[in-house]
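Take a look at the structures listed below.
Look at the two complexes coming up: subunit A is in both, with subunit B in one and subunit C in the other.
And then the complex of A and B:
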């Protein structure tokens, strides 16, 4: 079976051809959708709250992009920042960022947008009493000052190179008067933003109806095209596919590769595969947090694990799509992601040798934790078993596994991280190797090098520092980096959409053919 | 008088012959015996029936369809699973797991339930009150929910599942045994044994038990089937037998993802599970039919 494994652009050409080749009259009844200008889309996970600051799910970030705007916008095709609610910005010094705001922007409820909204929003989210779900996204902000009605300054605690990235995707601007009145619980039921779509109907976690916002400003997102977007939560992929067949759904995303392959072969829908920034890796307890005598404290054992797993085969047969094997503890396109590091090719004989050298000629038994992609975990289980490492697979929910990891009780686990689509190693390596609760290396050299990179604003200096850190991580095999993920998007042939590598759906870029 | 006494007076062959005649005439029973026989045979001779190792993965030969579908590979007559492991081999080794769980869990339950039930039925009074209370407590707890909770807290494994099910499925044994013992404890031969000074243990074991053992067999088969189904349910939810151990419930769970495009991945282990549970139930029903005193003629 042939399955397109290419970059987004090439796939789009293919996708376009496939759609063009499908006879228009061949579908029997009309798709629910184009006729009434309603695009029906499915989420797999239930969204905790639509308030962007009170969830940490990908679905939440997606909704955030449609309903709200950030001060800046990260153009996914050019990889450059463009002014959104701010028209221009400047670094006054390493820790002061000044924004000139866009005039004439109105929230969905008619409230005008100005400096007060920015100051209110940032003050609200940086106030620890408000307990937002991911405080790390705003912890770099010291304070926000209003200079005049359309000028604000953000003061930083220390230089923070990823500031604009977070302002673009993770920090939407809220209407100060409305939010002060209704708070997070009100926002979760009746969200109000400046974004291209306004929510008209909402059943928390289950159903969202978004309508095109007629008064949307001429920002970098562009004017939305489709009138109504209807989002439902359908947890089971098979049900989603059945809904696609019956015409009750126009758009699916995050489709597992096996199903996407089958759907592509049917030539009934447009199937596009795009790379994502998510990477999979094995974390080993090098610091001995689960016990001093734990085998993973030995370098040879960690290297043996890295050599034991046939990542090429897993990528080729299971992960598929545009995924690639990785060697560094980050996604290759991320700023500072050094590629010239020690590599551990598949070599079970060498793995056995290393285990014997470490004092485990007959291998050992360990618990192996994972929270998603059970087939991948099981495939690794068999590879580990082949070199003598008997691993008991323990599948947990993401939150449960994170808790255990923070308590220091996980000797060995299969983790994945999407870096919140931030194209900089601060969003991954610096998060997990700076002696935090989820750091199982607790390595001073890595920590020092990352600290140097995180607080410098000179790109060359940062690169050198990160390179040092990532080389040490690879030499010491603190992680066994595995592969990058990919995402499959499946939509009906009447929908035109170009998926991007940041795994963010942009409803405002979707249109009818 | 007991059956042993009758046996000395009448030719043994008559009773056995009678049983066999009834058994051969009982379609359900024959079906049960044949299917169960096939499963037991498959479980015992699994390594001879399949050349493949059920744990051997081959990522390049994933999800090969079974022999009746296009694109199949004769090396894997029932196809391969999502990691390229031979489906037939996993099915055969999975039969071992199902039978093991059924037999061991039902045996644990049998010991617990029979002890309680016989004690309650024989002694009556306070003992009966206590046992009835225990049975009520047990009945108030939904088996699936309790086993889910216990396994979720203590972690899933084969032994854990067997243990939990064994400790949960004794209620029917207790209820049936209690009622059966109550029926026979006042009969003449029991009183006779009492009057000549037999010990309680002797009375229970050699006077009462032989007369109610057919009920026990029926409950035993019922609970075996129950345990096998529960194991499949727990494994399906990811809380039972842990991968890579082949278990039919786990195979169904693994096939679920591909339900729409590769329905055989669920259909094959599902059909096996269905057939096994049906066979055990029919066997139990049949045994009751041919051995029940009212049918002895």
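And then the complex of A and C:
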């Protein structure tokens, strides 16, 4: 009997040789991009609906900035508001904002922009029946009135100083006739806005093609430069890097610091590190919500925790980049974020002393919750352990931890907050210290001071109120503020772009070198 | 036979509903869906608002039967995350997964069965050693690493194949090999073992004695008998490949149903997860059922029994 073993063997050997003999092309091929005026960019996470009011993720906010416009624009370099779809605005009183709208603006589908669009959009999103995903961005709006074709008034429930911030980035204006016809599900598949880019191709969650809008108005965003932006979701960062090398990708963001360092060392791509508004901090149950006898109700224990952790070392060896340690319960650039507060430098001896004073000479054991950045949390465990605090790390999904936190079952946790890129302490301190479900301080003095700041539109008065609140938070060590986060952007050398601290990619500011 | 089939189908339906109920309660315990929908920048009050709007404040069993009632009518509801009908979403993602699963399985069968047969015909030969080496590698290599190495070689170094996406057949070449290679070793070892056992049987000697050619002996007499357990194994592997190709789908950015299931769990997108679990468990049951039918066709003893 003869079986064709010999020929199989020969085939295998030949096959192996064939693969080995193929000349290795190397890295020499041309970049996709500049030649056909198409910038290819990757998202790591799948985008929810592209309709700005039905997604809560950063990717969504980024897309919204390209496709739509707000009434005003927040210049990220100057930190000042500029007119966008409105050319001017004025506070008529503490709860009435009047806008004069820009004339001659057209949506991507040709529909003209006027007061009816503003009224329709704001009425739609504030109507609870429409179940928008981000009610927190519009809950301050009581009603909207059309005064004439190019004048609108927004009435507020109560004074709300962050109104312009939200109108700039989180509240895009929709075309009333089109939106009335297609609704959120239609907008999710065929978005129409006034923004610098129009969507020409859309595969939900996977692929988006944006083309420069030829009729874009001369607003503060400026005219877009690159013709086509092609956005694909590639969940694995390694695959994104492979695509950068094979010339199928021009732009990555949110690159982990170790990968960014390696890529920077190779000198093939531009690697830029920029700070972000996200901060990390420890929350301690000072109010005794998890039990009256819990150690964190004692001031000395909270101060000991703050002294126990070497934040400088964590930033230097783990968080890296342009991250900095923070001392106040907010991001330093935010309006009202008082920097002159009690500081707790790394001092394990003092931490032990404070623990002894609080009645825990041998330390204690506690649960320690976290939902992201496990390595950072583990470093903190080691520091806490060194002063005698035995913390059991419990890593949970974000939603599960939120659930527990609101039920008042979390004695001690590592949290982070990005303030939705809103450059004002109302987006962070006022959310967590005003005696709500997430407030583990439940402190009357802090609450009163924040209330004062939140209901005034006079900057000096607000600053003074927030200063009082933040000083008390630091004195009482309700939080142990840790550090700010940073983001790495990697792009091909033919791309020119300057990342900003609000972590919002601006496609319309990108250009070819 | 009909009795047997009906009994099995009823059992399958029971298994499916048990799986659904268990998964529903597990997801429910895993985290507050309202908090997931609201996103990381929502306050407690916003989350409460969403909880009421979506009806999460109703008892769990009420929510479950409400879902089941609609699902039985083919209405899987809206994805909380994508705000689009779950049925459309899954139809889109399933195409990728089915293409990948079927091509991966074909790749595994086409390489594993002949290799297993050849290895059995020449036990302890070079080719047998080579087959053993391949299967050990297949079991030992983690898919994500193997996938990345393929990307480095074929996409970055040689620039022959695209590294990610699912637009053309070229995009499926590397994922198919990675996924298929993972399923290959078991099929090959089982084919080899089955062939070795069968080739020693009396009826093979009889077949050879009556003058049947080598090809006829191997394919018609030996393989047909050796392949029965392989079919059962392949059916189970197929179910696994459809639901469990998450790693491969992630590495190659394929956006298939497995990846969708994985992502939807962390997003607490209950309607999507429930629909996917229903579909995947139906696949498992269908494949097991089909493999029984196929085996009955290959082996008359099963048919009669």
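Criterion: the second predicted complex is superposed on the first by the 486 of 513 C-alpha atoms of A that agree within 3 Å, B and C clash if a C-alpha of one lies under 4 Å from a C-alpha of the other, contacts with A are read in each partner's own complex, and residues count from 1 in each chain.
Going forward, a contact is a pair of C-beta atoms (placed from the backbone, for glycine too) under 8 Å apart; a residue touches a chain by one contact, two chains touch by 3 or more.
What you are looking at is a predicted structure, and each value in this text was computed from that prediction instead of being measured.
With the two structures aligned on subunit A, subunit B fits next to subunit C without clashing.
When the two complexes are overlaid on their common chain A, residue A:246 makes contact with subunit C while staying clear of subunit B. Contacts of A:259 after superposition: subunit B is touched, whereas subunit C is not reached. Set side by side, subunit B and subunit C differ in how many residues of subunit A they touch, and the one touching more is C.
In the overlay built on the shared chain, the residue A:339 is in contact with neither subunit B nor subunit C. Of the two partner chains, neither subunit B nor subunit C is touched by A:458. Of the two partner chains placed around the shared chain by superposition, subunit B is the only one that A:314 touches, whereas subunit C remains out of contact. In the superposition on chain A, contact is made by A:235 with subunit C only, not with subunit B. When the two complexes are overlaid on their common chain A, residue A:436 makes contact with subunit C while staying clear of subunit B.
Look at A:200: by the touch rule set out above, it reaches neither subunit B nor subunit C.
Contacts of A:385 after superposition on the shared chain: subunit B is touched, whereas subunit C is not. For the three-chain overlay built from the shared chain A, the minimum Cα spacing from subunit B to subunit C equals 6 Å.
Note: residues 238, 242 of subunit A belong to the subunit B contact set and to the subunit C contact set alike, using the contact criterion stated above. Every residue of subunit B that touches subunit A in the complex is listed here, in rising order: 55-57, 59-60, 62-63, 82-84, 155, 238, 242-244, 254, 256-261. For subunit A in complex with subunit C, the residues that touch the partner chain are 1-3, 5, 8-9, 12, 22, 24-27, 29, 46, 48-49, 51, 54-57, 128, 131, 133-136, 139, 184-185, 188-189, 204-206, 232-236, 238-239, 242-243, 245-248, 396-400, 402-403, 406, 418-420, 431, 436-438. Across the complex, subunit A meets subunit B through its residues 237-238, 241-242, 256, 258-259, 262, 310, 313-314, 316-318, 374-375, 378-379, 381-382, 385, 392-395. Residues of subunit C that touch subunit A in their complex: 30-33, 35-47, 49-50, 53-54, 81-84, 89, 92, 118, 121-122, 125-127, 130, 144, 148, 151-152, 155-159, 162-165, 214, 218, 250-253, 255, 259, 263, 266, 268.
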